[in-house]
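There are structures below to look over.
Here come two complexes built around chain A, the first alongside chain B, the second alongside chain C.
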Partner chain A sequence: MTAYLRPRDLDEALAARAAHPDWMVLAGATDLMVNANHRAAPTGILDLWRLAPICFVRAADGEIAIGAGATWLEVERDAAVCTHLAPLAAAAREIGALQIQARATLGGNVGTSSPVGDSLPVLLALDAELEVASVRGRRRVPYREWCTGYRTTRLAADELIVAAHLPLPGPTTRTVWRKVGTRRAQSISKVMGAAAITLDGDVVIDARVALGAIADRPVRIAAVEAAVRGQRLADAAHAARAAVGPAIQPIDDVRSTASYRREVAENLVARFFHGMMQRADR
Partner chain B sequence: MKLAFEVNGERRTVETSPWKRLLDVLREDLRLTGTKEGCGEGECGACTVELDGEVVNSCLVAAGQCDGRRIVTVEGLARGGVLHAVQRQLVACGGAQCGICTPGIAVCAAHVVDRGLIAGCDDATARAKIRDLLAGNICRCTGYQLIVDAVIAAAREVAPGTEGAR
Partner chain C sequence: MFDVDAALAGAQRLFDAGHGVNVFKQFVIRKGHASDAELDAVFAGAAHVIEGSYATSPQEQMYVEPQAMMAWWRDGRCHIVGSMQCPFYVHKAMKVLLACGADDVEIAQSVTGGGFGGKEEYPSMIAAHVALLARKAGRAVKMVYDRDEDIAATTKRHPCWTRHRLAVDARGELCAIDIDVVMDGGAYLTLSPVVLSRGVLHAAGPYRCPVVRVRGRVVATNHPPHGAFRGFGAPQTTFAYERQIQKLARLRGEDALALRKRLALRAGDTTATGQLLGASVGTDEVFAAIESVAGRPPVRDGVNAHGAPVRRGRGVCFYFHGAGFTGSGEQRLAGRATVAVGRNGFEVRSSSTDIGQGAITIFTQIAAAALGVDPAHIAVVDPTTSRVPDSGPTVASRTCMVVGAVIDRAARVLRRRLEAWGAERGTSGPLVELARAYAAEPCAELAETATYEPPPGIAWDDATYTGAAYPVYGWAACLVDVEIDLDTCEARVLRCVQAVDVGKAINPAIVRGQIEGGTLQALGWALLENVVYRDGKVANANMTNCIVPTFADAPELETLLVEVPYPFGPSGAKGVGEIPMDGPAAAVANAVEDALGVAFDELPISPEAIAATRPRWRLP
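So, the complex of A and B:
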């Protein structure tokens, strides 16, 4: 029989995590329970669903902190997120559909670390930092260092994800997110990406560009970021398109082909900069 | 484990594995077979129920997670033998055909109407919102138009926040 624990607070959760590193850490269960009847039952379940200390969205001190247990519905309905972190709100609205958004959590997306996790390129583009905890203490990990391979992360066997900390973009930084899939709702992304582009007039001062579903993990595209620096937006779009191809490793699978993903990734990245042109004119 | 929770306003207890799907607890342990299984992967929405006031796929909820929670299934939409407005309108508008997706659509649509999620919208906006809010409920028979018509008609009947015609 599967053991089950719903901790009352974070200390109890961390003690249980340390004592039972083999237990399944479960929150919204939208990934871990897919085809549950055809999977082996876990030894135990550490149920973090609605664990109060990790269920929050909080704006303070030049950042927005989102608890690992916050659902995407809570994220997309948060006024501060919609105002300051529009790409995250946009990604949240396209994760599954209403039923999935009501259950799936930020911690789940970050912990599962699927290469098609829709929020993950946003966390890269917005330069998020993750807060993790264990009975040994708390630590912060820049999200750009979090993913170590296909569905592997820097989370230790006794640690739990507590929150993501997202710095508010500055007044000259524009942000964008875009997903390409078979259908807006429910479909798993073929390619998706996010960017944070800092402008001086129409000149790109700095850019963080991230893509998902084109490698074994969500990735920042350093070659694009280097190619656009110092360029006017129109030139940056061309430079970005040229730089993205050699920098990604898309695959053929049931959802798409490598060549299609490559072309879409090029168009997507170019459009991030093209799309800024009208906005920069204002 | 012993599970104690509220289902359609009644307190129920079940002895079950915490890993069992809420969908199976409802259908097998409580014999509430109105909730259907479509895909078992959270893609189709046939098994939609309300959990603590939000719509969820019951195939993706572990039984253990339901202890102390409040569930509403399609059997809980009607009150005192009177169908919920969305159920009446699904019938009246022809918004159901084979019927497998219908319980999930009724639960999701009742949530949309009762929560006033399309209240105050003009017709075109309301229709777009309904398609968005019901995007997780897949129907392979009707082409959706009649379902959207039914939700629009139900919303007209129901003042938001009043739990409809129940």
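So, the complex of A and C:
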């Protein structure tokens, strides 16, 4: 029998997490139902679905904070997210079907930390910071340091994810995103990329470039970021393409091939810069 | 042993029944030549010979509910209910398994969400399991496959390899066609011989050619078994011949549609099996329909919503599909259907299942028209084997055309009998009133059972594979515009037009539904569906990775109904269920080739496959 607890508040949730670190933390149950066919049932379930203190999307103080329990439907329908963090809203719309988006949460995506999690490269490009809590207290972890390997993170066994904090991009920063899946809807990514690029005219001042599905975890591509800094967009596109290849480790699987993922990753990253050049022309 | 070449080389001996080691079945068709030497001479004298090798992938039916069956025993009688296309196939299997009489086992169909051939063979297997378990257990036993079990174990479309040689003279007329078809049957025999038969019978295509040789083999391997799937072997060989015809058009610099129109079969021509085509050859009407809407090809180059450069192209194809069973199959089966006076009007009884394709609606319309009554007075009864005659399986594009014609005939006779009964009693009036009056009488049920009658002049020789392979054919043309994202190599279908000669669309909405569904299934097969085998097992046995198109993947489908009536179908109707599956994959391949200047001779034309050709693209 699987034990089950649905805490009434965050304190009770943190106490239960400390007492039962082996229990599965549950929100929308979208991963649980997939795993039901493949993995042993968890010894216990800590059900955080609709736990009020972590269900919010809030814009304040130059950032947007999204509670771990907010669903992707809530994220994609939030006016501030759509205005300031368009790639995150777009990524949310690509997570499964509408029914899944109405159940799946930010905390679930970040906690499961699948290499193909649709929101994760966007969180990297937007320089998110995660807020986690335990009975020991609260701390913040930059999302770029969060993923430690295949589906592993820096979340301690007694911690819960509370929220993601996303700084609003500045007026000269453009954000872009693209997912390449197995089909046009309800698909698993073969490659996805996201970028936040800060420009002075057509010169790249700074860039954060992230890719998903091309390594054991979603990754920032530091080599690209270094290569494009100070470059004009046209040169940046070339430099970015050249820097992607050595920085990623795509694999062959039933969904695609390593060589395709490599080629498309290069094309996507180059297009992020090249596409901004076209926009700057207008 | 997962490779057909290894199987043919006899790497292991899995099967040998005299057709060659590991060959489940072989067919050879010869037209216009007595020996291989004569054939070779025609090729030697040809102005051009086009040679090609083509490979098509396995495909999962992905019907709505997985395979499911329940059995229970009462008073020594076995009752089975489940998801299926063909109640009497299950009935026949249970009679053998249980060594019992026809009345000792009853098969009922539960609501079935599509079959596409996948609910044709396998239900008998699970019925056997639950029947035996229920007898042993002494209570009802139900077995429902999980989706992963279903994908891993049940039959799929045969992967197929076709070598095709086309000899043409200086004027561009076809002199000879030589085809070698090899299908992977998997580990069990299944319906592979029949699938192969339809494959080879369609392999030469709907084109005039005096000399044809087709050799087909289906071989045993250690793959999960392949079997029936909408199109039934024809989509595989259609892909090959329509790629070949496209190569001929490129070679000659001739318009793709005009060349097909020039070479197409018409009434008075003979097919590869020497069948003289008579009535209901919609070639010209189908071409006229496509030409009327074709318009200009898409603009070559552009940029899509992602800012990526795109390249566009157009492809066409022309194809045909034999309706009903192959050869003398319908005569052997002698399907029967009954129309009877019921308590509230009339009953139609047949074993044809409605699996979402609209059989109940069509039968209602056919019976109502033949009886001259409102469709509200027609009840199509459930196809439970104890209640209906055997009208045959729900397969082979035969339900409306073949069973519908039998129902039509039974209804007309019943109408005359009822009117005669009324005349004897001195009653006239609407037929429904007569039926009510009859039902109120304490006399025997008034029912008329008709049996299939072959159209006159139809002869088929199974020994030589010559003659009328099918009583009639559907004819179709397809036009596809594609756009390839040059960053991701994804091919997106912008437009897909299908013009299909269906004889007569008894219910146009249903016919359009059949064509659109089959077209999308074909586009999926062309571009993104696949069953991935690793070490002989299905490596993508789930709906996450064994994908089918979503509505987001579906282009605007333009369906043009062409009606060149078949004199022996109900109101002129002929088969439509399978034909839309046959052609679109070749049209997609032709369109992608048009866009990129590179041949695509294998399915699926996945982004990975397109990306692999990038060094050979011919862009301006």
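Criterion: the second predicted complex is superposed on the first by the 276 of 282 C-alpha atoms of A that agree within 3 Å, B and C clash if a C-alpha of one lies under 4 Å from a C-alpha of the other, contacts with A are read in each partner's own complex, and residues count from 1 in each chain.
Convention: a contact is a pair of C-beta atoms (placed from the backbone, for glycine too) under 8 Å apart; a residue touches a chain by one contact, two chains touch by 3 or more.
These figures come from a predicted structure and were not determined experimentally.
In the superposition on chain A, A:Ser256 contacts chain C only, with no contact to chain B. Shared-chain residue A:Leu160: touches no atom of chain B or chain C. In the superposed pair of complexes, A:Asn37 makes contact with chain B and with chain C alike.
By the touch criterion defined above, A:Asn267 lies against chain C but remains apart from chain B after alignment on the C-alpha atoms of chain A. Looking at the shared chain after the overlay, A:Ala102 reaches chain B, while chain C stays out of its contact range.
By the touch criterion stated above, A:Ala185 is placed in contact with chain B and with chain C alike. Looking at the shared chain after the overlay, A:Ile54 reaches neither chain B nor chain C.
Looking at the shared chain after the overlay, A:Ile197 reaches neither chain B nor chain C.
Comparing which residues of chain A touch chain B with which touch chain C, the overlap comprises 37, 184-186. Contact residues of chain A toward chain C in the complex are 37, 178, 180, 182-188, 190, 254-257, 259-260, 263-264, 267-268, 271, 274-275, 278. For chain C in complex with chain A, the residues that touch the partner chain are 146, 148, 306-308, 487-490, 492, 528, 532, 539-540, 544-545, 547, 549-553, 607-608, 611-612, 614. Of all residues in chain A, only 1-4, 6, 26, 28-30, 33-37, 41-42, 45, 47, 49, 73, 96-100, 102-103, 184-186 touch chain B in the complex they form. Residue ranges on chain B touching chain A, taken from their complex, read 1, 17-19, 21, 24, 40-43, 45, 48, 51, 54-57, 59-62, 64-65, 67, 108, 132-138.
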